[in-house]
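Heads up, the thing below is written out as structure tokens.
By letter and in written order, the chains are A, B and C; residue numbering begins at 1 in each of them.
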Amino acid sequence: MTNKTSILSGRRTKSLVERIMNIIFLVCGLASVVSVVFMTVYMVVSGGAIIAETGVFRFLLGHVWNPGGSEFGILPMILSSVLATLGAVLIALPVGVLIAVFLAKLSPGKLATAMRAFIDLLAGIPSVIYGLLGALLLVPAIFKLQAAAGLPNSGSLLAAIVILVIMILPTIISVSETAIRSVPKQYEEAALALGSTRLQAIFKVTVPAAKSGIVAGMVLGTGRAIGEAMAVMMVSGNAAIMPELLRPVRLLTAAIPIEWAYSSGLHRQALYGIGLVLFVFIMVINLLLRQVMKKGGAQDE
Amino acid sequence: MNNTNHGSITQKRRRPSEILLYGLIFLLAAFLAALVVFIIGYILAKGLPAISVQFLTTAENPIEETVGIFPSIVNTLYIVFFALIICVPLGVGGAIYLSEYAKNKKIVGAIQFASETLAGIPSILYGIFGFVFFCVLLNLHVSLLAGVLTLTIMVLPIMMRTTQEALRAVPKSYRDGALGLGATKWYLIRTILLPCSLKGILTGVILSVGRMVSESAALLLVAGGSAMYMPRGSVWEQLSHSGSTLSVELYRYAMSRGDNSTAFGIASVLIIIVALLNLLTRFVAWRLNKR
Amino acid sequence: MTPVKMHTRALNLFYGEVHALKGVDLDMPEQCVTALIGPSGCGKSTFLKTLNRMNDTIASVRISGEVVLDGEDIYAKNVDVTTLRKKAGMVFQSPNPFPMSIYDNIAYGPRIHGEKKRIVLDEIVEQSLRDAAIWDEVKDRLKKPALGLSGGQQQRLCIARSLATKPEVLLMDEPTSALDPISTSKIEELIDELKRDYSIVIVTHNMQQAARISDYTAFFLLGEVVEHNTTGDVFSNPKDRRTEDYITGRFG
């Protein structure tokens, strides 16, 4: 035997460790894939039962939700969720973009830093706290409107929309701000040199150039809004009726925690079914987001 | 000259619509700032008076009519601690696999897609899945352990993304340098990549803690229960029982019992935790940028 | 001597503590090309930017002295900067078309200055593109993204975009430094055409270019104008030793 190390023998032990580590890291990486597969399977299996029982159309398009009478039509909830989300995004998008413009372009640096810290904080506040404040401050504020319209006092679609606007603003602001900041400065310079005012340069050149990022922020906000459960449940009044702005509504997400504790059998399966409908909505939004990001990436090249 | 149709440059043009737009932007920004101040101020004003040593260190006592949130603090710590123990290695490992090992584009694509998908799924759906899978199928019942496992999946994409970003920021020359000296990949990871991406991993941990502390919808379904009793028994016993975290407890006090003063007390505790975590993220970024 | 379109008197500019322009007096005659030459960092680009107040966007800049356009001080309090910039357009070092269609790029200026009529815009777009000698290359793809053009085409598009606001002065900041020789010669021909209608001030690193295209040349060094004369005189008969050293390539 010699003391010389052979490059062959050395490699073999190393490559064993390497191979083991490779496998360990692969397993870690696959954890998320396995989770998604399992989630998809179990959402479909558990949610599919009620749909098989009542039929797709009676479940999705039924007007009446009466678990005691075994009637499980979720159309009012679907519409309520869609309207609440749409309303929240329609308000939060322009507001968010204007504030993003303020942060990226108009405010002094230190003020922007301070505001960003505030917005991060807003994003971190637990949704039950929004629900608590909404139930105690926002819902009573809407009582007056309801009284003026001759409606009973209760939580409402409007309250849900307002709460959702506040909850998705941080997402829309921070994604839009990043997009606006990443637009090359020369565009704005060129616009100014053509005699634009500062605002014209920003809104006619910079913001349109940041379009794909802003759309991504909007889609992300949409996903958050449609998936929010606790806060909207605490302010929306939770009546499973067709949505009207000042009347109580029940959103898809809210239906699950409200009825969870006292549901069983078919009723519980109906809640799983609602989960499946939400899951499909979210998957569509996720795919949309991917498309938007891909397109944005292609444009940049 | 065909182009002398300009007015004098000293004629100021009035632009009322621009002034309006400036006004609107400043108003909205000011409103947002005021809203944040109001929300936090209101909660602290209403909630801080409820906080006392007894509030923080005892359980609720219906006979003496005292309120305490100690059990839900412990439950929160249990869930956060054990979820991190599982999720940090998984997330960091997954990120390392993606950036250092993976060669097959399909696998990379699948992992990325899965991670993005998980990040987009709302917590109420994690609740349903956790219940069907962990509580029923794996027979864990409604328990803190089921909560731990559910939240692990929920924060996994956060850990993976922040670690990935940190790994991406490690200069290629470090890698080439180490590999050029004959280091194996695993050695390179242990001695260079992990220390360099510590900031990203820490940020991921803080963000994950924030998400878990805030979480209520999913835990209501999978860990549910109340936090009436002081913790007792072994760790394992604790984990196998149901129990509510601070956020879930806040919901129960506000909605099922209409006890707003306790709800605001808990809200204040939560706001303080969230604010501290935010500061911590900034501190980590600042501290490690300085190096 | 041709009438003066723009002039500066005792123009000083500070970036924070740095004295970047030192008492610059310069006349820029009408319908002529004035070239600004000098080594990097001599202040020629900074000077160009003071001529349509593009330095306003930098917070740390302080300016004293006068810059006069058609008898009006452009740094006077009541000046409308947008009208000024419309009158004195600028072309930048690297082509910077907006990420929109060729048509919308050209129509941008007229639109922000209030032109809405489609027929008028169509006409302005065509005329500007013709004047910038790029109409034939792009007339069939006006709705296509401007970023799809080559670098040289993009720069001529940017010149056309400036022309569309009907300026009187064109300020060009090394407009060919990012381009290949063929594109460069096209732009030089274009500048020769354009000086019939516009007063042009051009910053260039390339002394042959200055000699080829300009009527007057100013040599900048360390924030001062060392020499200013007709281009022929500056290049064939420099008065100052430093000018001679620079144009013969002994430093810079």
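Here are a few things to note about the model shown:
Everything that follows uses one rule, which is that contacts are C-beta pairs under 8 Å (C-beta built on N, C-alpha and C of every residue); 3 or more make two chains touch, one makes a residue touch a chain.
Bear in mind the structure is a predicted one, so any value in this text is a computation, not a measurement.
Chain pairs A-C and A-B differ in how many C-beta pairs are in contact, and the one with more is A-B.
Note: the chain lying farthest from chain C is B, by mean C-alpha position.
Annotation: 53 Å between the Cα-based centres of chain B and chain C. Centroid to centroid, with C-alpha atoms defining each point, chain A and chain C lie 49 Å apart.
Distance from the chain A centre to the chain B centre is 15 Å, each centre being the mean of its Cα atoms. Annotation for chain A: residues 197 touch two or more other chains.
Along chain C, residues 82-84, 86 each make contact with two or more other chains.
Within chain B, no positions touching two or more other chains are listed.
Listed in rising order, the residues of chain B touching chain C in the complex are 1-13. Across the complex, chain A meets chain B through its residues 14, 17-18, 21-22, 24-33, 35-36, 38-39, 42-43, 46, 95, 98-99, 101-103, 106-107, 115, 117-122, 124-129, 131-133, 135-137, 166, 169, 197, 199, 203, 223-224, 226-230, 234, 253, 256-257, 260, 271-272, 275, 278-279, 282-283, 285-286, 289-290. Those residues of chain A lying in contact with chain C across their complex are 184, 186-187, 189-197, 200, 204-205, 208-209, 299. Residue ranges of chain C in contact with chain B, taken from their complex: 69, 72, 74, 76, 78-80, 82-84, 86-87, 166-168, 197-198.
Residue ranges on chain C touching chain A, taken from their complex, read 52, 54, 57, 82-86, 89-90, 92, 94, 96-100, 108-109, 111-113, 158, 161-162, 165.
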